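In the two assemblies presented below, chain A is common to both, partnered first by chain B and then by chain C.
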Partner chain A sequence: MRLWRFKGLSMTYFAGIDIGSLTTEVVILDSNADMLSYSINLTGADCNEAVDQALGQALSRAGLSRDQLSFIVATGYGRVTIPFSDKKITEISCHGTSAHHLFPDTETVIDIGGQDSKVIRIDKEGKVLDFTMNDKCAAGTGRFLEVMAGAFRVSLEDFGQLSLKAEREIPISSVCTVFAESEVISLIAQNQAREDIIRGLHSSVVNRIWNMVQTVGVHGAVTMSGGVAKNRGVVVLMEEKLGKPIHIHTEPQIMGALGAALLAKRHFLQEK
Partner chain B sequence: MTKTQMTRKDYLLDQKQKGRHIFGVFPAQYPKELLWAMNVVPAEIWDPPVEITAANAHLQPYICSVVRFGLELVLEGKCDFLDGFLFPHTCDSIQNMASVIHDYIGANKPCYFFYHPKNPHGKAAREYYVLELKNLMRSLEKQLGPLNPDALKQRIQQGHKISSLFGEFYDLRAKGELDVGNGEFYEQIRRGEYLFPDDLIPELEGFLARNKGKGEKRLMPVILSGVLPNPPEILTLFDELGVRVSHDDLLIGSRRLLVPPSNLKDPFKQLAESYFSMPPCSTKGAPIVKRREYLLSLIKATGAKGVIFNVVKFCEPEWFDVPNLTDELKKRGTPTLVLDTELNQGLSGQMKTRVEAFVEMIS
Partner chain C sequence: MSFAQKARYNFMKDLGAPALMWLRQSQRKKRPRKPNPYLGPPLKCAGRLREIMTRHYYLSRFSKGAKPVAWVTSGAPVELLRVFDFYTIYPENHGALCGAQKKGPEICSEAEKKGYHPDLCSYARIDLGHAFSGKTPAGRLPRPDLLFCANNICQTVLYWYKELSYYWNIPLIIFDTPYNFQDIREKDIEYMVCQFEEMIPELERISGCKYSHDRFMKIIGIARESASTWGRVLATMKHRPAPISIFDAFVHLAPIVSLRGLPIALDYYRILLDELEERVAKGIGAVTNESKRLMWDNIAVWFKLRDWSLLFAERGLNFVAATYTNAWAETIHYLDEMSPFESMARAYSLVVLNNSLNYRLKLMEQMIRDYQVDGLVILSLRSCKPYSVGQYDLRRLLGERLGIKSVVIESDMTDFRAYSEEQTRTRLEAFFEALEV
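Right, the complex of A and B next:
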C-alpha cells in the first residue's frame, strides 16, 4: 500500500485492471471516486505486456506515475498474472460494484464479454447475491457475434444496426458457433435478406443470455456491461424480453476495471 | 513399507498375497461387511487416473465420467489382477456399464449384481433388501466358500466402529476442531474406499489422535454436495481461499458413511437397517423434501454460509435434484453455487473464478 503526499496533502489514487481474454482495461480513480482516466487495449498473447501498456496509457492520461497509486485491484481471467496488484477480485464482484456505483437502482447486471457472459444479482448496496456464468462455449458471447459479423464481412458496429433494420427474423437453429456459421453461409446462399439473418443471430445470443437471466431472476433495474452492450441490436432485443429499459454506461467495456478501482479504494480505506 | 505409504495398487496386491480376494466395486452403496466377512477386499472404482480412449467407443457422449473411467480401467486390462466385480444398482449408467462389461466385452471373472431398493422404503423394501443380501451371499459362496456367521458379526461390529470414527471426523470438522486442510480430510475419508477394516480402523484412530482439537475455527464454513470432491484441486483452492468444508452431502461422503448403529440381533436385518438409515440420497430415490431437510440440518448444525453443489457432469440422479434443491435453499436465504465437473481434468480458470466469486459473495 502506498500513500502519495503532494504539497503536504494526502493524495490517493486507485487503479482497477481488468485483464480479459480479448481486451485489458484500466481505470484510474481519485480519492473522491472520480474517474481520472481509462484505457482499453488488446490483451494479445502476453498478459503482462498488455497490462504494462494499458496501465501506462491510463496513468499518462491521468498525469500520474505508477508509484502514485495507493492500491491496485486486478480482475478478469488474467488477474492472477499481475504480480504487483494489491488484491485480486473476481469480475463478478467488480461488475456488481460498478453497476451499483453508476446506477444505484441496479439489482440485475448482465455482462456480455468477448469470451463469456454473466448475469449477476446485487442487493441495494451493490453486494453480489447470486450469479450465473456461461464460460464453456462461445454461444451467447461477443465472440459469437464477432465470428458472424466476419461471415457477412461487416464491422461489429454495423452488425447491430443491421439487425434493427430487419423486416422479419430468420431463426438460427444451431447454438454452436461453428455450426451456426455454416447455417448462416447456407442462408446467404439462399439469398435470404442479410438483415433478417442478422436479426436471427442477435436473437440467438439474446435467447442464450435470457436463459441465464431466468436462472438468477430479474430484480430491480437492469444494467448491461461488457463490449456487447454497445451493440444496439442485442440491447433492443434484450429490452423487449425484459419489458423495461436497460442502463448502459457510455463505455460499458470498462465496467470491470471501474469496479476493481472502486474496490481498490474500499480496501485501501479498510486496511488503513 | 507401512500401509500408509503404500499406493492403492501396492496395498491391494499385498492383500492378495495375504490370501484375500480383491473385488472391483462400482459406486456407491453395497454391503461392505458381507464382503469383508468373506475375506474380500472391496476396491471401489470411482475416478481412476487413466486417460479415456477405448471406453468412448462403448458409451454415448452423455454418460458420466465415473462410468467412463471405470470402463476404461477394465478395457485397459488394469483390473486383470482382480478376483471379481460387484455392480450395485446405483443408476442406469452403472447398470448399463455392467451390461457392457459382463455381456459384451466379457469380464472373464465373476460378476455380481446388487439390486438395492429405491424409495419408497416401506416394509416390502426392507424384506426385499434382506433377500438381496442373502442372494448376494449365496452367489459369493459359490466362488468363495461358505460364509462364517461369526465373521459377519465381527465385520458388522467393525463397520459400526468405522461409522462412529467417521462420525467423529465430521463432528470435529463441523466445529473447526480438526487440524487438517480440506484435501487431507478427504484423502483420509477416501482411504476407506479400499482399505480392509483391520487396517482402516487403526489408521482412522491415528489420524484423529494426531489432528483432533487444533483446527482453525475462523475459516469460512460451507457445505459440499455432489458425488465426490474431484478434481482434488478444488479442495486446495478452498484451503487457499480460507474455506472449510464444514460438512458434506457427498455420495462418497456423509451420505453413506454416517450410519447409525443397529441394535437388531439378525446380522442381515442389521445390514438392512444400516442401508435404510443412511442420509437421503438421489441414487436411492430419496424424496427431494428429505434431501432438502438434510441439507438444511447440516447448514444449521455447522453454521455454513453456503452450499456448493459440485456435481459430476451427466450424473442423472444428481442433476434431477439440483435445480429444486438450489431453488429451495435460495428461498431460505442460503447462497448456492453449482459446478459441473469432469473428473480428473483439473480446475479451469473459469471454475476457479466461479468458486472465488462465490466466496467473495458469502464473505
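Right, the complex of A and C next:
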C-alpha cells in the first residue's frame, strides 16, 4: 500500500501558483490536502520564466513531474499570463480559502503583499463576504517597507525587529512612498534615532491598513498573510490596534498559492 | 445676429448637414461589424442617434452669429433658454465625448499646464483645456454668448463657469438650488421662482428675443414628454431579459441631456421605445444569456464602455439600472405647463445629487427591488465628489437591508491616468466569484 502511494499511482496532485508583483509562489498538495512542497521565487521581468522556475522547484521537492498534476489554479496579478493553468481565481478568494483551511475560526484576513494590501471578510465556510483593497498607491504595502528598508540599508528581516526596539515613535506625515523616503532621509540627517523613525514608518503602514480594516469591520479571529506578515514590527502594532492576537502561518507568503491549490482540489472534484 | 450668418446656418441645417450625414451613412454601410456572441443584436436606431448628435455638434460651429449660444450644465433648467432660441452646448456631454474617444488626459493636461489641479473634476479640466487650446474631437465648438449653470449637481460648476466667464468676459447666470436635507420648503420654491423672474430680462437682452409664455408652456410640455419617454425606455429593463443594458443607456442618454426641450429628442425616444418594446415582445436581450442583473452607481467610465460591456456580457451579467441614467427621468413628472416656474423649481432641485443620502438610499432600494437586481457595482469617482461621498455607507446599508452583493471600483470618467486596469480587474473578478458566475 505504501509503495503504491509512494509511486503516486493512486494519488492526484494539485498545484496553486501565485504570481505576485514581487514574488511567485507555488504550492503542491496531494488529494488529502497535505502540502507536499512549496517554492518562493522572485517574479522579475519575465513572468513565465519565474513560473517555470518556481513550479520546477516545487515539483522536484515533491518528487513529481508536471504531468502528474491533475489541476492547476493560477492567482495573483500574473494569473492571466499562465497558459497552462486550468482555472484563474483572484487572490482574494485564495487568501480567504487558505486562511479558513489553516485557522478555521478566521473571519477577517489581512493580506499585505508587494504592491497591494487587502482586508477580506469571510464566512464560517471560508467564502468571501466582503473585501477592500488599497487604491492606486503603494503606501501601506510591502513595497513601501522595502523602499524604506533600502533607505536605511537594513535587511527586511532586521527592519521589523528594529521597530520593536524603538523608545518613541517619530510620526511620518507623508503617505507617498517617494516623499516619505525624502522625509526619512532628512530625519536621518537630523540625527534622529533610526529605531524611532522605523517605528514611525511601521505605524504609517499599520494606520493605512487599519482604515481598511474598519471599512470591512473586525469579525471573528484575524489571520494575516503575505510577506509583510513576517515583519514583527507590523504584526505587533496591528495586534495593539485590534486588541487581540493574529493568526500567522509559519510561511505567510505562500497563503495565496496554498488557497489556489485548495481551490484546485475543490474544482477538480466538482468537475469530476 | 447678422443676416449672412443666419443664412449660412440655415443652409447648413437644411442642406449641408443632411448631405454630410448621407455621405457618412453610405460610407458606414460598407463595413458591417462582426456580431458578438455574448451581446444581442445592435439597436437599429443607434445610427439615428449618431446622426442626431453628429449633426448637433457639426451645426454648432455655424451657430455663432446666427443664434445666441449658451454653454449649459447638465442639470440646468434649459427649457427657459429654449424660449429665446439659444443654441446650447453641454460641456459635460462634450467631456464624455472626449472621454469615449480617449482624449481625456491630453485635453485635461492643457488645463493643468495653466495651473489647474489634477484633483479638479475632469469634465471641468477638459472644458477649460478646450477653452485654452481649442482641442476637441468635435471639430470646433462655438464660443458662448452666455454661460448658464445650476448648482444642483455640484459646487464645482460655479467656479468652473466663473473661470470661463472671467476668461472670455461673457455673462454668467447661476441658478441656485437649495440643498434638500429633508423635504423641500415653500420658501425655497419661492426663492428659485424669483431667480427665474430675474433671469428673463437678462436672457431677453443677451438673445435679442422677447419672452413668450405660450412658447414656454409648449417647451415645458415637450421636455416633460421626452423625459417621461426616457423613463419608459429605462423601465423596459425591468423585463427579463432586459432589451438594452445600462452601457447602451449611457450612450442613448445624450439627447435628453443635450437636446432636452427640443422636439427632436422626443421623436428619438419614441423611436427607441418602439424598438425596445418590440425586442421585449420577441424576447431579445442586450446580453444573449442574461443570468444575473446588476445596478451601476455613478457616472459612466466613458473610456471603458465597450471593454466593460463585453467583460460583463461574457459572464451573462447585464446592467439593468443606474442611478445616473435615472436622474433625467426621476423628477420630471413635477413639470407642469400650468405652473411652469414652480414646477421647474421642483423638478430641478429634487434630483438625486441635490438630495440627502437617505433619499438616495431609498431610491436605490426601490430600484433594486423594481429591477430585480442581484448585484451592485459602485464606482468611486475621482472627479465627482458629490456623487461619490457616502457610497461606503450606502453599500453597507443596502447589504444589511437587502443582502445584496456589491463591489467598489475606483476610476475617473475620462482621465484614465486615474485608472488602474489590474487593480480594477481583480476587484471585479473577485465580485464575479462572489456572485458565482
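Some observations on this one:
Operating definition for what follows: the second predicted complex is superposed on the first by the 261 of 272 C-alpha atoms of A that agree within 3 Å, B and C clash if a C-alpha of one lies under 4 Å from a C-alpha of the other, contacts with A are read in each partner's own complex, and residues count from 1 in each chain.
The rule we apply is simple: a residue touches a chain if its C-beta (ideal position, glycine included) is under 8 Å from a C-beta of that chain, and two chains touch if they have at least 3 such contacts.
All values derive from a computational prediction rather than experimental measurement.
Superposition of the two structures on chain A leads chain B and chain C into a clash.
In the superposition on chain A, contact of A:Thr90 is made with both chain B and chain C. In the superposed model, A:Met133 lies in contact with both chain B and chain C.
In the superposed pair of complexes, A:Val73 makes contact with neither chain B nor chain C. Legend: residue contacts after superposition of the two complexes on their common chain; A:Asp116 is shown touching both chain B and chain C. Once the two complexes are laid over each other on the shared chain, residue contacts for A:Met238 go to neither chain B nor chain C. Counting contacts by the rule stated earlier, residues 77, 89-93, 116, 127-131, 133, 135-136 of chain A appear in both its interface with chain B and its interface with chain C. Residues of chain A touching chain C in their complex: 77, 89-93, 116, 127-133, 135-136, 215.
Residues 392, 399, 408, 410, 418-420, 422-423, 426-427, 429-430, 433-434 of chain C are the ones that touch chain A when the two sit in their complex. Residues of chain A that touch chain B in their complex: 77, 89-93, 116, 127-131, 133, 135-136. Only residues 330, 335, 349-350, 353-354, 356-357, 360-361 of chain B touch chain A when the two sit together in their complex.
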